[in-house]
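Both complexes shown next keep chain A, but they swap its partner, so chain B is in the first and chain C is in the second.
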Partner chain A sequence: MTTLRTPALTMDLRGTPCPLNWVKTKLRLEEMAPGAWLEVVVDDGNPARNVPRSAEGEGHRIVVITVTPEGVRVLIEKV
Partner chain B sequence: MSAFTEEQIERYSRHIILQEVGGKGQRKLLAASVLVIGAGGLGSPVGLYLAAAGVGTIGVVDCDAVELSNLQRQVLHATPDLGQRKCLSAQATMEAINPDVTVIPHDLRLTSANALEVISGYDVVVDGADNFPTRYLVNDACVLLGTPLVHAGILRFEGQVTTVAPGRGPCYRCLYPEPPPPGMVPSCQEAGILGATAGVVGALQATEALKLLLGIGEPLIGRLLIYDALDMVFRSIKVARDPHCLVCGEAPTITELIDYEQFCGVVVGKETVS
Partner chain C sequence: MEQVYFDHAATTPPRPEVIAAVCASLQERWGNPSSLHATGVRALEAVERAREHVAAVIGAQADEMVFTGSGTEADNHALVGASLAAEGRGNHLITSAIEHHAIEQTAEFLGRRGLRITYLPVDCHGLVDPGAVRDAITDHTVLVSIMQANNEVGTLQSIGEIGIICRERGVLFHTDAVQTFGHVRIDVREMHLDLLSLSAHKLYGPKGVGALFVRKGVKLEPYLHGGGQELGRRASTENVPGIVGLGEAARLVRLEMNQEAEQVGALRDRLVRGVLASIADARLTGHPTQRLPNNASFCLRGTDGHALVVALDAEGFAVSSGSACTSGWTRPSHVLLAMGLAPEEAKGSLRVSLGRSNTREEVDRFLQVLPGVVARVREISSAGVR
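Moving on to the complex of A and B:
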């Protein structure tokens, strides 16, 4: 687990398929201030690969990705 | 800012994913209004794509009824719609595609007497008319109102598209100061039109309208795009603003709408619209 700082928001997107998991992540990021952190929890496999890649594709920073038995936690810093 | 419903998030997901659109752009489209002139060969793809895109308010101007010869290209209408008012058939199709959209049917012919009232209030106008009096009327009305206009024309296997942004580039009159002599340019009724050509050109108009609403990309301002379906070639010609243009030049003489039937030398009742 990261000990850097606590994200302002966590979204549970387990069970939400691609690309809707990214669409929901993106809509939330649009409402946030630059520099703010958002943690999303996604399923392992394609979601865990696609969501961070899409976030980076729009210029956001992936702070850390943590694989847990309950899902993959992706911590994103809004650009 | 209102939140999207779960259904809207899914419906517009492919738009929202686009970096140039996002949730912000989709909200712009839902709040926007476009007037489509003609529910025919061009107006059909325009209406379908604008409705599918979630443009919140779409006006449709057409005073004709659906005829069998329309159905080869006017994909807003289907066989069971024969005889129906075109603007109502268009409304039913578009609202069935997307219940987020409100379609305002204008069952009338645009004239100098009603054009300003019909057009004012819309963010963008898309001209899919197929006669010169209406083209000049719509151009002049849009210039006078300062409303962006996406113009197109089609014939046989060819089409052309340009975008008029009043004050920012040339208008239709800068491009064609005078109409051709009556009868010189045949209509689709006389010369024919490949249905799919109308689809391509109408889809280009819809793309331009969406770009204008979203404020993205490079619209066809000061450019005429010419599509040749037989050779399958697109060409783009630069068009300059005419300082002597009667409606958008430095000393305009057209400061209110004129008699466009007379201007185009049309014998009233004999012109065709498709």
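Moving on to the complex of A and C:
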């Protein structure tokens, strides 16, 4: 079981279209230290599929994805 | 002989780092940022990184920056976009008598289409009285647009004070920061700015790219139509290399601005002292202290600005004049006339604007050459040759 710790940063990317939401996520990840956690909140649908897929494609780890009525929270660990 | 470049208010030489970034972008990030594939995303990454660098210089959020094709376009977008967005709610625009033509002529354009335009006067130093802004605002005022620094005389306006007044009255406040971006400190929150125009090529970046800061929540009608770029705020495929160049210039200036302003300011002060000491009837124009660190502007009585520029060019110095030569006649600058100078005096304007690579030796050489040039131009002018 994964023990959730507080992400270093949360970005609200609801309303930000693909692939801009992933690009903004990527730029933040580049500034973070390896092992740090970034939480992004994206819209359900394509953003909720594409952002985690792109993050994994670059080697980052998806810690957890939580679907809430306000949006989908994606917790990413930087490699 | 290589020319000594003293015309940085007109444009600046692109920095080597900027040139490298632009070239790399052309080679490696040539995709269309709107494309969904990896090639497009690589270009989009470059654009968004640049947006963050530019925003950071003025204390804005990246999403509040709209890239444009120039500072002039940003000015046009601010005035036209705000006026259109306010249709039915207001029809009054306030600006100053010394704005750049990008504001002045856009205001005139809007005036011909029914907007009421107030041109606020300036004092002898080129300063707008913030109290006059307060007095000019009415219930119909849509926007106040006052430049942060004048491009001819370098006077820095009391932008923070004007911003407070506009915010208190619920009126949008725009500043043309083309001359100040990266040269003096700007904080859009502290200054209560809603809109701000900037340009890359005044900051050692490429030409053909600028940006408009649009505070979150401010409604502007798009200025260009035909695509969803810039989140629908400015149609047109992004000028990726230009934007990357602007971003690199912004990134570098964040590290160096204070030191550069100090260094250039010291050279400028030396030049001003030298000119005033060696040229009879020379007058510094603009505010004596509240001015851009790189600007030295003068009126040299009995001369002609156009002739001074040509004569100094022949001596190896690139400078400029506020006066414009039209069909052989020298037309005095609207800025100097608004500051109360007589047309005869304003005709002899000279602007020397320094930059990061200028040296003390160059300034001293200029000071050696200038008296002879001025004497020759005065001789020609007094002989009635235009």
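The definition used in the following text is that the second predicted complex is superposed on the first by the 76 of 79 C-alpha atoms of A that agree within 3 Å, B and C clash if a C-alpha of one lies under 4 Å from a C-alpha of the other, contacts with A are read in each partner's own complex, and residues count from 1 in each chain.
Throughout what follows, contacts are C-beta pairs under 8 Å (C-beta built on N, C-alpha and C of every residue); 3 or more make two chains touch, one makes a residue touch a chain.
Treat the numbers as computed from the prediction; the structure is a model and nothing was measured.
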Fit or clash - chain C, chain B, common chain A: clash
Which of chain B and chain C A:A33 touches, first, second, both or neither: neither
Touched partner set for A:E58, first chain B, second chain C, both or neither: first
Chain B versus chain C as contact partner of A:K24, first or second or both or neither: both
Segment of chain B that clashes with chain C, given the candidates 39-47, 75-83 or 93-101: 93-101
Chain C-contacting residues of chain A that also contact chain B: 19-20, 22-24, 26-27
Contacting residues of chain A [partner chain B, same complex]: 19-20, 22-24, 26-27, 30, 54, 57-58
Residues of chain B touching chain A in the complex: 4, 9-10, 13, 16-17, 19, 22-24
Parts of chain A lying in touch with chain C, wherever the complex brings them together: 18-20, 22-24, 26-27
Touch list for chain C against partner chain A, complex: 36, 40-41, 44-45, 48-49, 52, 62
